[in-house]
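We just call them A, B, C, D and E in the order they show up, numbering each chain from 1.
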Amino acid sequence: MDIASVIGLVLAVGGILGSIMSGGAISIFIDVPSILVVFLGLVGVTLYRWPMEVIKGLVSIAMKSFFFTAVDPKEKINKIKELAELARRESVFALEKAEIDDPFMKKAMTLAADNRPPEVIASILQMDIDSMESRHKTGSDVFGGVAADGPAMGMIGTLIGLVQMLQNLSDPSAIGPAMAVALLTTFYGAIIANVFANPVKNKIEYRSQMELMSMSIVIAGTLGIVAGENPRMIIEKLNSFLPPSERSSDDDGGGEE
Amino acid sequence: MDIASVIGLVLAVGGILGSIMSGGAISIFIDVPSILVVFLGLVGVTLYRWPMEVIKGLVSIAMKSFFFTAVDPKEKINKIKELAELARRESVFALEKAEIDDPFMKKAMTLAADNRPPEVIASILQMDIDSMESRHKTGSDVFGGVAADGPAMGMIGTLIGLVQMLQNLSDPSAIGPAMAVALLTTFYGAIIANVFANPVKNKIEYRSQMELMSMSIVIAGTLGIVAGENPRMIIEKLNSFLPPSERSSDDDGGGEE
Amino acid sequence: MDIASVIGLVLAVGGILGSIMSGGAISIFIDVPSILVVFLGLVGVTLYRWPMEVIKGLVSIAMKSFFFTAVDPKEKINKIKELAELARRESVFALEKAEIDDPFMKKAMTLAADNRPPEVIASILQMDIDSMESRHKTGSDVFGGVAADGPAMGMIGTLIGLVQMLQNLSDPSAIGPAMAVALLTTFYGAIIANVFANPVKNKIEYRSQMELMSMSIVIAGTLGIVAGENPRMIIEKLNSFLPPSERSSDDDGGGEE
Amino acid sequence: MDIASVIGLVLAVGGILGSIMSGGAISIFIDVPSILVVFLGLVGVTLYRWPMEVIKGLVSIAMKSFFFTAVDPKEKINKIKELAELARRESVFALEKAEIDDPFMKKAMTLAADNRPPEVIASILQMDIDSMESRHKTGSDVFGGVAADGPAMGMIGTLIGLVQMLQNLSDPSAIGPAMAVALLTTFYGAIIANVFANPVKNKIEYRSQMELMSMSIVIAGTLGIVAGENPRMIIEKLNSFLPPSERSSDDDGGGEE
Amino acid sequence: MDIASVIGLVLAVGGILGSIMSGGAISIFIDVPSILVVFLGLVGVTLYRWPMEVIKGLVSIAMKSFFFTAVDPKEKINKIKELAELARRESVFALEKAEIDDPFMKKAMTLAADNRPPEVIASILQMDIDSMESRHKTGSDVFGGVAADGPAMGMIGTLIGLVQMLQNLSDPSAIGPAMAVALLTTFYGAIIANVFANPVKNKIEYRSQMELMSMSIVIAGTLGIVAGENPRMIIEKLNSFLPPSERSSDDDGGGEE
């Protein structure tokens, strides 16, 4: 789990609660009918927007994005270096029995050990990437929908409150509190969109990018192994995926071989 | 029909009605001239935006997206496995007489049985995909137009109401109700956009993606059959369309063959 | 002319006028300085945004999009079937003398009769498509500009009105009417954008799509004829451009030939 | 210089000034601190957004887009026809000495006269197009930034004015004028964005498109000349860049040759 | 460091401060709970949006974009000319020992000296470009997130302030100052987005474009050297990256060679 997420959530919620409590009781920010319209409305519209099979996977996607620890691409590159050396020393068939934790890398190496032609390996693995990206895209779209529907439901709630208040202006002392309550739904909608839905959407998209990079490293590495390239040359290529400062030093001046 | 849609619609409308009724009579949210400007205006602009042939297909598109039950891609893959085995056992010509419910898969197999070259099969089927996507794109654009025009007509209605109210401030007790009525059109517009048009647009787009995936499975499978590939290898490829957790188990370690 | 456009415009304008008149005299919605700022400003900015040659073609583009009757793609397909049969019976040279109304199809068939290589035919016709799309894109951009500038000019007008009103609050009874007048420019801007400019933009874009489809049918058909394909096979391919329900019946099970 | 630009600017500014003066003195729309925050802020943010070398070229880009007179693509086509006939009559080497005003066409013809292979000519000229597009893209982005920052600075100014007014409500008669002044920055921001920055951005983009078309005509023509194509056939191809109504008549029925 | 950035930041902040101070004490624009909600909330949401490894690199990215001095592409071209002449005079192997400051050009020349095939050189260097673009894209996305979250947190703070004020209208003289304080968070959010986050985002994107151009020049030059092209012809090609006015004069009429 990423420690930044926890600190971030605590800071954001803490800042908002602190600001609320420094100005009065927190109870004036809780109103049941307002919660009704925003939360029921939002859950309803989300259920209505997406088929059941997407909804089911939602909690798991949100959790994964929260507890997601980025895979270090350097580790992937080191593992591929090891496998490339194994394939050189013995043969590509040895990759079959190599111990590999990452199921995608396992699949890639099994395809290599099967002696499949490179285009076939690339196209099968690319389909895995496309499928991963499309699943993440749906997850990100769901939270994007929540980030749009939350404020929309908030605005609908505020309009309901304003219409009711304006139809009944006989008691001037009730106008202020009525407007305050009307604004609460807008407040809930803004919190849902900006403190929850948008950051989760962002995390899913970033995670998708990271997995894409990690899978691209595996594909490039596997194709290098299948082509019988020198392990050093493979690593030199894969190093381009890393920021210059993190590239393994024995690649600098990669031309000495 | 997708059960999530029904629950969702009931929750969203229920939440809004509940919030309205907890604060007073529902009658103050009904105003005939406001309905006139938003609904007539919206229907008018929509008719004006699109030619007749698009309008005609509208209700059917909306209904389909509502009652749409997602085709399970696993079923498609199993059917293709069956057909691939049939083609192996007998010949591609046997595909002609195979019983196939899905008209697109039927067309693909007929093309395969006709012994057409793979590029021709791929390009004919791809044109079907393009045509399906373009039809769905129009449907999604229509509802996107409604989601934009609804609030716009609501704002026009509110401006009309405000101008009329401001021109006639002689009776202070009428100001509140007049503003309430002016806000109703904005309220109607927000409901139309967020509770109806946007979710339907979303459903059409998701359905289009699902059909695209399903048709892509059929094309990839047909090309595999035509190329005389091993049924297991075809299924292994098609499994990439599924999320890892749903892939059929006999594909794991697909290299044992 | 598309009947939906007329009905739509009548309904939209009617709904707005009905709503205005149900609440008072229509005269309070007419204010000369407001019209001055919105209309002169909008015309000015539009003239300033685009060079003269674009402005000149504007009215014609708007008219065409309004009076545009969609070409039935089925008719195009039938005409191509006829020409394909002619080319089969006699030779491609016979296409030269065939009677063809559509100038683009005429050009395509003349190129075919000239015995030009297929790549040359495709690239010349594709340039016609690109040029048509770019002209329509400019038309759509102009109306998109109007849809953005209308409300912007409306907001500028409203700001002018508000500043003038706020500088002179000495007569309380004048505040309401002054604000009403200030809001009129926003109202004009909203009408211009949502009732005129956006639907016209939409119509131009849809028309462009329809012409693209129609021209793509002609290109695909011409290339089929030049390649000496069987007329039935050509039609089978072109049918993919149509929605499944409209495909000509003799294509169903297109493999019997 | 495009006459539409002048008329347009006069109309837009005139409409706004007319509307202001019909309602009172123009002096109430001038406030020094408001000008300070919007203009200094906008200049500051723009300087901060872009490096010095972009800022330097700014005035020249804005001027060029204003005084830009569109090159008539027909002229380019006629010039190319002339050059194609020259190359036919004599040889491509004669192109070296041909008198050509347009430096890009000059460069293209020099490359042709140098007998460079067509791919080399195309790739060198394409790099010129990419470089022209990227320069125009930066110009358009700068004005897009101004169009976004103007209203943003206006809103910051209005917030400053509102906060100051609300902190000091002791003199009721000062509230109106204070709010009027607060709104002025929003007004300035809206004028900057909608009357200046957006139209200039639009002009730059349109000019870029026109230059792209003009340069594409030169490339297509040069490649035709290098390939030794018939001048009539070259013109027939280039005519596709023009709207159908402007194509030179001897192209109609381009198959008679 | 770019002098325009310093002048720009001073002008923007100075303009805002000047406007504030011309209207009263600056102290009314400072409120601790408002700062709490906007700054803590913004830091929190940003931490929550991005994983730790991105956050860590943030300050460095912001600093780099601020102190970034654009590399003059002309210098790169001159250096490549020098190297191309060296390779001509001696051989590509001489490039190994050439003194090159830019690590990317060094890498390119080492690859050239290693006698790698051009496709391999191009694909390895292209991966470096992709990796650089993806890192800059993340940096730009982070500041884009700040530019969106700042105003969102500002709006949440303003809603909190408004709700608290409306619940407690008993003291009329407190309403104004309470609203003023409520507006402060919106003000802070607008400053953060428009004076800090957006310009930094813009600088990162522009810098990314400049590096892309610079790296593209190196790739094109290296491929030219590897292909054994004439140095003058290489420079002629690379000159297309420069605006016409800056091209080195010996390229005009590049065909004299």
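Keep this in mind: a contact is a pair of C-beta atoms (placed from the backbone, for glycine too) under 8 Å apart; a residue touches a chain by one contact, two chains touch by 3 or more.
Please read all numbers here as calculations on a predicted model, not as lab measurements.
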- Task: Can you give the shortest number of steps from chain C to chain E, where adjacent chains in the path must touch?
- Result: 2
- Item | Magnitude of the superposing rotation for chain A and chain E (Cα, nearest 5°) | 70
- Message: Averaging over Cα atoms per chain, report the distance between chain B and chain D in Å.
- Response: 39
- Starting from the mean Cα coordinates of chain D and chain E, work out the distance between those two points in Å. 24
- Counting only residues that touch at least 2 other chains, which ones in chain B make the list? none
- Listed in rising order, the residues of chain C that touch chain D in the complex are 32-34, 36-41, 43-55, 96, 103, 107, 110-111, 113-114, 123-124, 127-128, 130-131, 134-135, 138, 145, 148-149, 152-153, 155-157, 159-169
- Query: So in the complex, which bits of chain B are touching chain A?
  - Reply: 2-5, 7-16, 18-20, 22-24, 28-29, 68, 70, 173, 175-177, 179-180, 183-184, 186-187, 190-191, 193-195, 198-199, 202-203, 206, 209, 213, 236-237, 240-244, 253-255
